[in-house]
Each structure stands twice: as structure tokens, then as C-alpha cells.
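Structures for review follow.
Next come two complexes built around chain A: one with chain B, the other with chain C.
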Partner chain A sequence: MKSKFEFRYQKIAYLYLIIPVVFYSVFIIFPVGFSIFISLRRWNMLVPISVTKFVGFKNYLRVFKDPVFLMAFKNTAIYTSCILLIGIPLSIIIAVLLSKLKRNAFWRYILFIPSIVPLISIGMVWAFLYDPTWGPINTIIRIFGLPVSKWLWDTKTAMFSVTLVGIWATLGINTLISYMGVKEIPISLYEAAEIDGGNEVKKFFYITLPLLKPIISFLMITNLINSFQIFDLVVGLTGQKLAEPGGPANSTQVLVLYMYQTAFKYLKMGKASAMAFILFLLLFSTSIVFLKSLKKSERENY
Partner chain B sequence: MVKRLFLISLLILGLSILSWGSIKLVMAVHWSDYQVNGVYDKNGNLVSKGLKQYVDEYMHLNPDVKIEIQSVAFDDYLKKILITHMSGKSADVYLLYSLWGVQLVDSGILNVPPRYISEDVKKNYVESAIKGTTINNVIWGIPIEVDNYALVYNKKLLKEAGYSHPPKTWDELVEMAPKLIKKDNKGAVKQYGFAFLAGWDSAVVHPYLSLLYSCGGKMLAPGYKKCLLNSPEAIKALNEELRVFKNGGTDPSASVWNFAQGTVAMIIMAPWYESSLKIAFGDKFAETVGVAPIPYIDKPANVSYAWFTGVDSTCKHKKQAWKFLSWLCSEIQPNTKTTRLGDLMAETIGAIPPRIIDLKNHPKQLEDVYTRTFIKELKHSIPEPNVVQGAEIKTTLMNEIVKAWHGEQTAKQALEKATKKINEILSEYY
Partner chain C sequence: MILPFVWLVSSSLKTRAEFVAKPPVWIPEKAQWNNYPKVIKKVPFLKYYSNSLIVSLSVTLCVTITSAFAGFAFAKYNFKFKQFLFSFFLSTIMLPAFLFVVPEYFMFSKIPLIGGNSIWGTGGYGLLHSRLVLILPFIVNSWGIFLARQFYIISIPDELLQAARIDGASEFKIFIKLIIPISKPVLATIAIITFITQWNYLFWPLVISSSAPELSTLPVGMKMLAMAFDPARNQQLILAGLTIGIIPPSLIFILFQKYYVSGIGMTGLKE
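After this line comes the complex of A and B, so read on.
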């Protein structure tokens, strides 16, 4: 039987729990629940929700049949894959190279600059750099007599141009995190490898990479979530007067941008909520897979 | 202390009683700073009145009415209407793009104007503006602006290429455009013959609709139950656009905004671009910029869109709101024989006022080299259809047209895809 003290202690503990429970209910459980509720109705935000029509899973069916959504999904997946498979390995290589330099503060600073600039501004600057007629990139290419590209202005190269900027913009912060991981690896391991005749390549593959696993998993999860939610970079790059956001012709359309346009341009809140819930499920399940692999790699380290 | 509290309470009570007697109206607009606050010279003297000066004048004449102007950028304007409506803090008076009107009407957001307003609109406005303000055979407000398109060309660049006149027909434009192209020694285009307007749905769709109407085609069947963009006329109109790309007169990276830099010879543009061009060309505006009707395919045709003022159905002072709008938009000033809104549109905003008397009595502003062609073209202008999901329909069409511009598909493929998608959208509502 519980003593009076234990009972009072439990009550106080429950009291303390009220704040996080209220916080999670208001900012997480309610919005998710509300978006599921809306995703089953046809609502244009102009009429009260009470008079909206229940449409069942029609919005979900429409989303999966919508070629623009499928295009946005494909573009987002390509963008995310490039960040994960090109951007992160590149940042690890640069971090290792930086760790070899004695005075690397300047280079770390240079690499970090893009991370403190808002993505929308980065997009606007790169849209100018990419201008096919007046942009500095094509001007430099022309100096060398090489064939120029239309970059964002060509449906075939537009998504590639966006991905290139995405990799550049995330390189700095990924490199810094990787650099901290590399610095944590004990030098004695490298010294032992040198005694055994291990060269730089072997040291990288047999010491650096295995010990960086937790860092790599962390980078994978955060970059996966950020890349899947890419919005501002695409708006900055393609939302100028020269093209429409997500254009030309949806060639740079991404999930969150299309969700936003569906809700606030086409006034289809039900369909946009269905998209949001699909994205939530996708990110939630992928993150769990990554988190499990992170835990596994942590166990292996110990 | 008690005495002081009593005096403060008395003051608050007095102010509350005073405020009970006044009527407050909130007017939401999408206009920029100078359009709201007026244009001032270097010494701070008012050169041209903005909306605020007219509102101040009305409040002076009607001391019981307080009007607050809430100005939001065009890109955020529809979102503001939605969000304020959801939060129960709607504006009382709106400026509305005719295409938004359908959904606002269907959702019961707009108040039906009193009979004296709708009768006045029917009698005194240009037809394209009346049609733009009419949804389900009901007039929902007072037209304030009507826009259409024209060919804007650089006289100097045309003259350099040996042309003394702009193209009258689309065939002439297709033939002239490649001859106006200039390239540097590395093959980079330094001057385009023609540039299509692009960047948002109306930019791509409106000029295409002008060509479609010129071919005798229609976008939608009566009743809006069916899309007609797979018709031979529609395919012909897009093929005519593609001819300019195929013969090298333009490419998708050609931008109309480079016209102001003198590196594009011809564009199809709306009247609101005049002030930007005047700033860009300065003293050389008149000798450089020429305006002509859109070169036609089979017959002269144009597309138009309208803006109108409306009153929110939840407005507590509907009668006063309509009275204010009538004073601003319809009442004729005895000295100028124009309306206040007509003055604001013609003198400050640089747009075409749709009231017939305003078109007649602003000769200085509306009969200048730039604007007069647009006004003459109103007789050929067909309003874009006021259809539910207009923005989605136009964006769908835009994306297919742009893919065709990029050579990803033929005109027929583009328009068949657009027709299929638009029919799916229409089937949800009609």
C-alpha cells in the first residue's frame, strides 16, 4: 500500500507533466489530428468546417493519381538522395582533409558561411548567377569557349541546378559536424595503423568511417528530414519573375511547395492535408528506420 | 486616489460612448505604398493622390465613419482574405480579382450590392468589366480596373532591322522575330526578336487565349462542364506560338523584363507595365517604345481580366460600405466629370479605369502613346471565363504550354493533356 508521502509525490509528478502534455497536445497531437480530419473533407477555407462535405479517402486517391504530386515526389526524392549520397560523403571527405590542415579556422569559416544565410536568399542570389544570358556562370563558361546551359530555364536541367545549390548550401554545416566527429577519433588509432603499415586510404575506410557511423547516421536523419521539406530554396531560385515557383512546367516542383500551392493557391485544404499526412507518415517511418540503425551502430561502437 | 480612478473611468466611458456612435470600415487592398499614400515630389508636395487622400476626404465629409486601409502585397492578398475570414476578422471592403470572385461567391463571402449599384454598373461600364464582375448572372461589385494586352515593341530595334511598322498579323511577327535576333561572336544571344510573357499562370495563358480567340476557339464550353482546348482552333493557336520558337525568333530563356534594357525587340504586355518602361527609358520613352494591337492569326482578338470592389457578407455596416464605394467609384465629380477612382487609376496607379466616362475624360493619361492602344483594343477583348478553380485550371494549362515551348511535347499532346486534367477539375464542381 502506498504511503501518504508517495501518493502526494505522485500527484506532484503528474502536475509537472501537465505542461509537456498540454504543449504536445496543442502543437503536435491537435495539428496532426486536425490535418487527418481535414484530409477526409472538401474544404476551401472560406466556409466553416462544420458545413464541409465528408469525402472519405477521395483526397488521398486524388493525391496518388495527381501527376504533379508524383512529379513533386520524384523531384524531392532525387534531391534528397543527392544530398544524402553526394552531399554527405563530400562533407566527410572535406572534413577529413580539413583535419589534416594545421590552421584550418579560415576554411571552416568560409565553408560555414552558406549555413548562416537563409535559403531563400541563397536561392535568389543563385538565380542571378544561373541567368542564361547575363549570369556570371555562363559568362565564365563562354570565356573558355564551352557550350553554355540554360540552367533553371530549361526543364531538363532545372532540377539538377536546384540540387547543385542544395548540396552547396548544406555542405558547410555537414562538414563542420563531420569535422567535430573526425576530431573525436583518438590519434592513437591512426598511429597504431601507421605502425601496421596502413596508408591514408586504409585509415579512412577502416578507422575514420566506422568510427564516424553515429555522426553519419545523425547527418542522414537531419538531412533526410530537411531535404524532404525543401521549400524556400526552390521558391528563391524559381520564384523570380523569370519563372514560376516550382517551374518551368513543374520541373522543380517539390512536395512542400506543391502542398502550399494546393492549399493557398487552389484553395484545396483537404487535398493539401492528405499530402501533409502522407509526407508525415513517410518521414516518420524513414526516421524510425534510421534511428534503429543509429542505435545499432552505437551498440557496435561500445 | 478614488477620485482619480473615478475620473479615469468617466473618461473611458465617455470615449466608449463616442465610439459607439462611429462606424468603422476596414478596406483591404493589394496596392503598393505610392498607390495607397500618393506620389510626392522631392519637396514633399503631393503630386498625385493615393487612396488614403480619398479616404481622408470621405471621413472628413462623413465624420461618423472611420475607414482603415489594410494593404498587403498581391502575392499574399488572397491568403489574407482567407485567413482573416477564418479568424473572424474579415475586412469589410475588398478589391477582388474577378477570377477569385467565383469561389468567394459560392462560399457566401460576398454581399449582393444594392440595386442602385448594380443598375449603375450595367449602364456605365465597359462590357468586359461588367462581364468580369458578373458571376451566375449577378453583379457582385463595382468594377475598378480592366486590363488587356498589346504588342509592345522597340521602335529603334525594329528600324535598325529595316522595319518601319510593327507586325499586324502573326505571320508577320513570326517572320520578323528571327531577323531581330543579335548574337555575339561566341553565339550567345544578345538581343531577342520576341519574348513571351512568363512567370505566373495569367502571364502564359492570357496571351495564348488572345491567339485562341483570334482563331475563333474557346477555352471552355458554355456552363463550364467541358474544356475545349483539344479543338483544332486551340491546337492551331499553340502551334502558332511554337512557330516563333522553331524559327529561332525566341527561346524559353528570353524574358520580357529585358525589354526595358533594350535587348528584346517585341513583347506582348499588359497596360500596367507603362510606368516601369517610363522609368527605364526616361526621356527616350516616346521615341523608343511603340504599342500596337496583338498581331492576329485569323481575326483581331484580345483577352481581358477585371478587378472589382466588393463588400464582405459579414460586414456590420453594409449600407455604409456600399455608400462609401459608390462615392469613391461611381460618383461623378462636377469639375472634372470623372470619378475619384477613375482619377486614382489613371493618374496614380497607371491602370485603365473601366467606367466609360473615365475613359473619355482622362485624355492626358489614357490617350498617350502607350495606353490608347489598350483602350482601343477593349472592343476586341473577351473576358477570361469566371470559372471555379480558375487558378488551378490556368496553372495546369500554363505548365503544358511551357513544356511545349521547351520542345518536350507537341501542341496537340500539350493541349490534350491539359484538356484531360482540366476536365477532371471541372467534374468536381460542375
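After this line comes the complex of A and C, so read on.
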């Protein structure tokens, strides 16, 4: 039996936790329940809920039949995989190179700037950089005499341009986290490898990379969650020139943006709530699968 | 990495002619400082600033305080439902923001007796035109609670608490007089990261500002720039506006870099 003594401070503990408990009931439990309720109804927020019609799972079916949703899904999937498969490896390589530099505080700071300013400002600056007529990117390309692109203003290259900025914007924080991981690796391991005649490439693949596994898992999972919810960047990049973000012709439409537009532009609250749940289940199941497989590969290597 | 920002600042000081000149002008001949007052005159940037500042500071204060208390309760006290509450709190980290926008928007519009609402919450706009709507959904953060708890478990020995109790100090007094001063570094880390995140946050403020433009925060204001100036003709002014907007988070980062980086490290490495 647990002694009374152990629980003697129970009251004060509850007192310390009262605000979070109330907060989570009001801002997590109630909204989720309410969301489920309206996802089964057709509602435009203008009429009282009591007069809305119950439509069952129709909203969910409508989401899956919506071509724009499928487009947004494809774009988000491409964006997320590029961040995971190109952005993260790049940041690990830069972190390893940085750790070889003696005075790297300045460089780490420079790398970090994009991670601390509003993402929408990054999007807007890059929208200017990408401008086909006077944008500096095309200007530089012209100096080298290479063919220029219309970047964000061409449906074929628009999502590619967004992804490029996404990689650029997440590089700094990913590099910093990898760098901390690299610094934790004991130097003695490298010295031992040198005695055995290992070169830089071998050291990277046989020492650095295996020991970075936990960091890489962490980066993968956080980047997956963040890129899946990409919103600010697309609004900044494509919301200019008085255009609706997600264009041209939905070629940069992404999931959270489309959900936002469904709710607050088209006022389809039921459909938007259904979409939110579908997105959540998608994100949740992908994260779980991801975590499981990462854990498995970690175990196999030790 | 920094080139786009250098270009941003230098272009914000250009004239219209220099901006579109061919061959391109990289550095303006004479810095056009009056681009900045022009922007501030046309777009209510000071309003955006004060909104962002009030919202971010309030959220930061609340998150830091609630994280300290709740983190301490989880770290040092035993109580019924502890395990359940802790796993519940932790699982909310997984819940994405987009799940809550529609119901919370509705909730805030239906608060009874406020903003012209009847006792049944109908007829008015509730809290939608108050800054509270931008603050309340963020005053508790599981991540902060988790970080504080880690710190208390690792750096505060139970003996210290016992000693203070033997001296006759009450639990609350121990927390305020003894624990808070020791935990300054972790609280600073929570505060800095919360402030920067909140300052940069766009999604919810954008939803709110669509019906209450007077509540626009700075990121929303940046989006408004493209509406206030024709982007095909006044690029340099838009860029000046963006520069004004990115100064505060950059400054805070430069000043408190140590705490920010250690916070990233704590969440990154202790996983």
C-alpha cells in the first residue's frame, strides 16, 4: 500500500496543474469533439448549427473525390519527400564540414537566420527573387547565358520552386541539430580510425553516420510533421500580385492551405472539418510507421 | 544563405528605377531611407507591431509560468492520475494546429454576454474582436511543460526540497523563492523559443484577421503589403516593409542566441 506520506503534496500538485487541465479540456477535448460533430453535417457558419443537415460520411467522400484535394496531396507528398531525402542529407553533410572548421560560430549564425524570421517573409522575398523579368535569379542565369525559367509563374516549375525555397529555409536548423550530434561523437573514435588507415569518406560512413542515427530519426520525424503542414511559405510565395495562394491553377496547392480555403473562403465548414480529420489521420499514421521503421533500423545497427 | 537577406535590405533602399534597371544595380547609389517612412505611412505597421508585441509577450509570459508550475508538479510530486495526465499532455504535441481552427473560431464567436452576444451566445461576434482570441489558445504548451519537467528532474535533488521543508517553508514559498531562481536558464529558453515562434505564427492570426483586420499581427501585415502596394510597381516599398518585420526576431535571436540554441539542443538531443 502506498503510504499517505507519498501523496501528502497531492493538493498542491493539482493546484499547479489546474490551468493546463482546464486549458486542454477547453482547447483540445471540446474542439476535437465538436469537429467530429460538424464533419458529419453540412454547415456554412452563417446559420445556427441546429438547422443544419446531417449528411453522414458524405463530407469525407467528397474530400476524396475532390481533384484539388488530390492535387494538394500530391504536391505535399512531393514537397515532404524532397525535404526528407534532399534537405536532411544536405544538412548532415554541411554539419560535418562545419565541424572541421575552427571558427564556425559565424557560419552557424548565418545558416540559422532563415529559421528565426517569419516564413511568410521568406516566401515573399523569394517571390521577388524568382520574378521572371527583373528577378535576380534570372538575371544571374542570363549572365551565364543559360536558358531562363518562369519559376513560380509556370505550372510545370511552380512546385519545384516552392520546394527549393523549403529546402533552403529548413537547412539552417537541421544543420544546427546535426552539428550538435556530430560534436557529441568522441574524437578518440576518429583517431582510432586514422591509425587503422581510414580516410575521410570511410570515417563518415562507418563512424559519423551510424552514430548520428538517433539525430537523423529526430530530424526525419520533426521535418515530416512540419513539411506536411506547409502553409506560410506557399502563402508568401504565391499569394502576391493580388492572386489567390496555391496558384497558378492550383499547381502549388497544399493540404493545409486547401483546408483553410475550404473553411474560410468557401465556407464549407463540414467538408473542412472532415478534411482536417483525414489530414490528421494521414499525418498520424505516417509518423507512426516512420517511427517504427526508424526504431527498427536503429536496433539492427547496434 | 544570407544572400537573399542582403539583397532584401539593399533592394529596400533602391529607387524604382534602380530596381528594374538593366544591367541590374546590386547596391543602390544613394540609399533611399525614406522608403521606410513611406511604408509606415501607407500600412499601419505600428499597429501590427503593437499587436504582435502584446500577443507574443502575453503568450510567452503565460507559457513560461504554466510550464514552470506544471513541469514541477510532474517532476517532484506524486499524485493520482499522474501517469495518465502526463501521457495525455504529451500526446497533445502530436495534434496539429489545423485540427482546431474551425471549432475554435466558432467557440470564440459564441462566448455568451461578450461582444454583443446574448446569454445563449448568439447575435454578436463574441471574442472575435478582442486580442484575447489570439492569446488564449496558446497559453499552455506541452512542449514547455516537458522541457521544464526534464530540467527539474535532472538538476534539482529531492534533498534540496526536503531541507527547505525541514526549515518550515511552505511548498509554494519553496517554489517561488528557491526553485524559480535556480531554473532561470530553462525558463529563459522556453520564453525565447515561445516568443519567436509566436511572433512568426501566421495561421491562426490570418484566420482571425479575415473578420477582424484590426487584430492583424506582423506576419499578417506582411501579407497585407502585397495588397497595399501594387507588387508590379512598388517592389522596393514591399521589401522595406519586410525588412521592418524581420528585425525583431533577428534582434532577439542575436541577443539571446545562447538560450535559443540550447533549447534546440534540449529538444533535439534528449528525444
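Here is the rule we use: the second predicted complex is superposed on the first by the 264 of 302 C-alpha atoms of A that agree within 3 Å, B and C clash if a C-alpha of one lies under 4 Å from a C-alpha of the other, contacts with A are read in each partner's own complex, and residues count from 1 in each chain.
As a working rule, a residue touches a chain if its C-beta (ideal position, glycine included) is under 8 Å from a C-beta of that chain, and two chains touch if they have at least 3 such contacts.
Keep in mind the model is a prediction, meaning the values are calculated, not measured.
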In the superposition, chain B vs chain C on chain A residues touched: C
Which of chain B and chain C A:L98 touches, first, second, both or neither: neither
Touched partner set for A:D154, first chain B, second chain C, both or neither: first
Partner chain(s) touched by A:G145 [first = chain B, second = chain C, both, neither]: first
Which of chain B and chain C A:L267 touches, first, second, both or neither: first
A:P132 touches, of chain B and chain C: first, second, both or neither? first
Chain B versus chain C as contact partner of A:I83, first or second or both or neither: neither
First, second, both or neither for A:N44, with chain B first and chain C second: first
Which superposed partner A:N250 touches (first chain B, second chain C, both, neither): first
Chain B/chain C common contact set on chain A: 45, 133, 240-242, 264
Complex interface listing, chain A residues touching chain C: 6-7, 9-10, 12-14, 16-17, 19-21, 23-24, 26-28, 30-32, 34-35, 38, 45, 48, 109-114, 116-122, 124-126, 128-129, 133-134, 136, 139, 168, 171-173, 176-177, 180-181, 184, 214-215, 217-218, 225, 228-229, 231-232, 235-236, 239-242, 256, 259-260, 263-264, 269, 272-273, 276-277, 279-280, 283-284, 287
Residue ranges of chain B touching chain A (in the complex, touch as defined): 78-79, 82, 85-86, 103-104, 107-109, 186, 188-190, 198-201, 251-253, 255, 257-258, 263, 389, 391-392, 395, 398-400, 402-403, 406, 408, 421
Residues of chain C that touch chain A when the two form their complex: 1-2, 4-5, 7-8, 11, 19-20, 22, 24, 66, 69-70, 72-73, 77-80, 82, 85, 88-89, 92, 94-107, 122, 136-137, 139-140, 145, 171-172, 196, 199-200, 202-203, 206-207, 210, 218-219, 222-223, 225-227, 231-232, 235, 238-239, 242, 245-246, 249-250, 252-253, 257, 260-261, 264-265, 268-269, 271
Chain B-touching residues of chain A, taken from the complex the two chains share: 44-47, 67-68, 132-133, 138, 142, 145, 148, 150, 153-156, 240-244, 247-250, 261, 264-268
